[in-house]
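Next up, some structures in structure tokens.
The two complexes that follow have chain A in common; it is paired with chain B in the first and with chain C in the second.
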Partner chain A sequence: MMLNFFDQFMSPVLLGIPLIALALLLPWILFPNPAARWINNRLITLQGWSISQATHQLFTPLNQGGHKWATLLISLMIFLISLNLLGLLPYTFTPTTQLSLNMAFAVPLWLATVIVGLRNQPTIALGHLLPEGTPLPLIPVLIIIETISLFIRPLALGVRLTANLTAGHLLIQLIATAVFVLLPLMPTVAILTASVLFLLTLLEVAVAMIQAYVFILLLSLYLQENV
Partner chain B sequence: MGFPLLFQPAQFNQDSCCCTKYLYGPFVHSNFSQVALRGFQTGAVSRDIDTAAKFIGAGAATVGVAGSGAGIGTVFGSLIIGYARPSTINPSLKQQLFSYAILGFALSEAMGLFCLMVAFLILFAM
Partner chain C sequence: MASSQRSSFNSCTRRLESQQNQTHTSAVTSTLVCQLSRARAPTNSRPYMLGAGLLTYFLSKEIYIINHETISAACMATVIIYSVKRFGPDVAAFADKLNEEKLQKAEEVKALAVASLAQAIEDEKKEQWRVEGRHLLFDAKRNNVAMLLETNWRERVHTVHNEVKKRLDYQIALQSLHRRMEQEHMVSWVEKNVVSSITPQQEKTSIAKCITDLKSLAKIQQAKATV
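Showing the complex of A and B:
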């Protein structure tokens, strides 16, 4: 039954030790720090170049106040990208499939953007609840709708990441099981399904990177409104 | 022809793990297709009306993913049109356009996956 396909998402515990803590620490050792040299080695230079490219692209639309968030958001993006990509290896647990983790990222950061906006520029922050040029009778309804939209944002952020990764892993496991079952029976169909599996894996690699990027992009957009 | 099928051992039903269920397959080469058919018909899950309703609900809820497909197609179609315009002034607009297209793709996919998640919720949690 399909219920067994969800066993891959159970948080692994070994002898009472939650291994998710280990899984969350792993990306830290994959990104070395720059040495105290004028020019570093190739790996560090590439890493620094790619990080600065991403930072430049994400934070150019923001003003000075938003640039303070760059360290937090870019490091979160690197964390999410590495967690997602590592999870695509066979038999590897992906922590970002846990809704609790993604909500723990989304809710505090979204709440921080709202609080920063309400604290520094409350009129402008509240003014975002009403788009320009609305007809007068529609104003109450629209404010209610925009407030609901505001509160759905952290939920959507967390669930988007969870659902994308969970669905991707489930699909990979389903199609891989199908290939495995079909192989003794109809090898040609199995080969076709295996090519589908290959294309799906490529899509999942792209989705893993895109979803992490979109998480941070949306947070930077919410910040842009409020800072 | 029908009688031997009726008296097939019912061990496939008691197997809780779907992975070992298929391991029986290669050993029973002569009538594997009939045994697989048998597995479909005699599965204990397919008896309950409640489970049947869950299956129907999950299948119906999966239709919503079509909206995501339409949305993604629209986004990338507009991207192609935007790319095809003569953008002689600002080549960096292409980079911006692509970035927004990826954002639109991710948001549209998220909607489709919300719908799929409701389908899973119906199938397993309710």
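Showing the complex of A and C:
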């Protein structure tokens, strides 16, 4: 069997059962429901604190209409963070490396923000296509450019997440293979490469969390423009 | 069984009681049998044995193959174990602090209520003490009122006395005035009558007598002066 570095990104199927459903459901069991207690255990306390911090951070700039999106966006962020972090473990499949999944998150949510903006305040939503203070001859060109930028947003959102995670996983696999191959030949170089791998692992942990946060942050920014 | 779990070899130098009476027991085999029949180490090594055995089994039977994922798994495990050991106590203390703050707020409310109630008790006790001293106040007020009445009565008596004295003085003055006027009137009437009754003859004789008296007196005086 040829070692193909892209096999890790194939949607896992076992005996005809798509295991991606299991991979998508796994984060749900990791976050316990808050019990009907006033003072909870440490895990639930920390979970509640971090969620409330993230909500406060993301939704303070938004007005009242944007707060209706809080449940959706924060639960999406928790989902993405847990999927990304679980994917860093060995032999796991990361669903967020699939472009289809990320586009399925990005396109409907972006489209929803655009439609909300065009329905409730069409003038202001269309006004975003022209930045303030542009010189008169540049106006037609700039409107075209801004429209293109508007339509590229969902693509950027999805591809950003996919590319970051895929690249990270590939790099980890490549450098781990380098260490594995070099270990019997040149152990010293292998140890140096292993230190690079260690730093890369730290980076990937950070990237996993940051990319999920950036996804939600950009969606909240698009919402802020339109609500 | 806990008391009999001793693994020291020295305990086997005392043979088992059943062997002590035998004449043909070998020292080697009897020690071996003694050791095997006693309980082993104080730590429960069964899970570690299972783990080591499973690992050896999986590796030797090539059920688990060491490849690049093993290296990346080792890296990830280092990161996870290091972060848990390093940040674990801090995170736990933070979670405990969050819960403590929650408890603290409720405790504050309770303490405030208790303090206000204790203050109410103190105030009530003070009021009761004040009530005990109330009779002193009433005595003082009674004395005060009595003094005022006394003073008022004495003033009025004094006023009456003065008024009566004034009236009596008036009467006395009136009477004395009457008497004096009568006296003066009588004296003037007598004088008038006497003056009117003095005839010119009487007047001449009296004047002549006066002159002779005066001359005699003058002689007597002269005589006294020369003596």
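The rule is short, and it goes like this: the second predicted complex is superposed on the first by the 224 of 227 C-alpha atoms of A that agree within 3 Å, B and C clash if a C-alpha of one lies under 4 Å from a C-alpha of the other, contacts with A are read in each partner's own complex, and residues count from 1 in each chain.
Keep this in mind: a contact is a pair of C-beta atoms (placed from the backbone, for glycine too) under 8 Å apart; a residue touches a chain by one contact, two chains touch by 3 or more.
Since the structure is predicted, the reported quantities are computational estimates derived from the model, not experimental observations.
Considered on the superposed chain A, chain B and chain C are sterically compatible, since they fit side by side. Touch criterion met: A:Gln57 reaches chain B, while chain C stays clear of it.
In the superposed model, A:Leu217 makes contact with chain B only, not with chain C.
Draw one line from the C-alpha centre of chain A to that of chain B and another to that of chain C; the angle between them is 130°, to the nearest 10.
In the superposed pair of complexes, A:Pro184 makes contact with chain B only, with no contact to chain C. When the two complexes are overlaid on their common chain A, residue A:Ala167 makes contact with chain B while staying clear of chain C. Look at A:Val159: by the touch rule set out above, it reaches chain B but stays clear of chain C.
Remark: least CA distance from chain B to chain C after fitting both complexes onto chain A is 9 Å. In the superposition on chain A, the residues of chain A contacting both chain B and chain C are 177, 180. Those residues of chain A that touch chain B in the shared complex are 1-4, 6, 57, 156, 159-160, 163-164, 167, 177, 180-181, 184-185, 207, 210-211, 213-214, 217-218.
Per the touch definition, chain C reaches chain A in the complex via residues 66-73, 75-76, 78-79, 91-92, 94-96, 98-99, 102-103.
Note for the complex: chain B touches chain A at residues 16-19, 22, 25-26, 32, 45, 95, 99, 102-103, 105-107, 109-110, 113-114, 116-117, 123-124. Across the complex, chain C is touched by residues 38-40, 42-43, 45-46, 49, 88-91, 172-173, 176-177, 179-180, 194, 197-198, 201-202, 205 of chain A.
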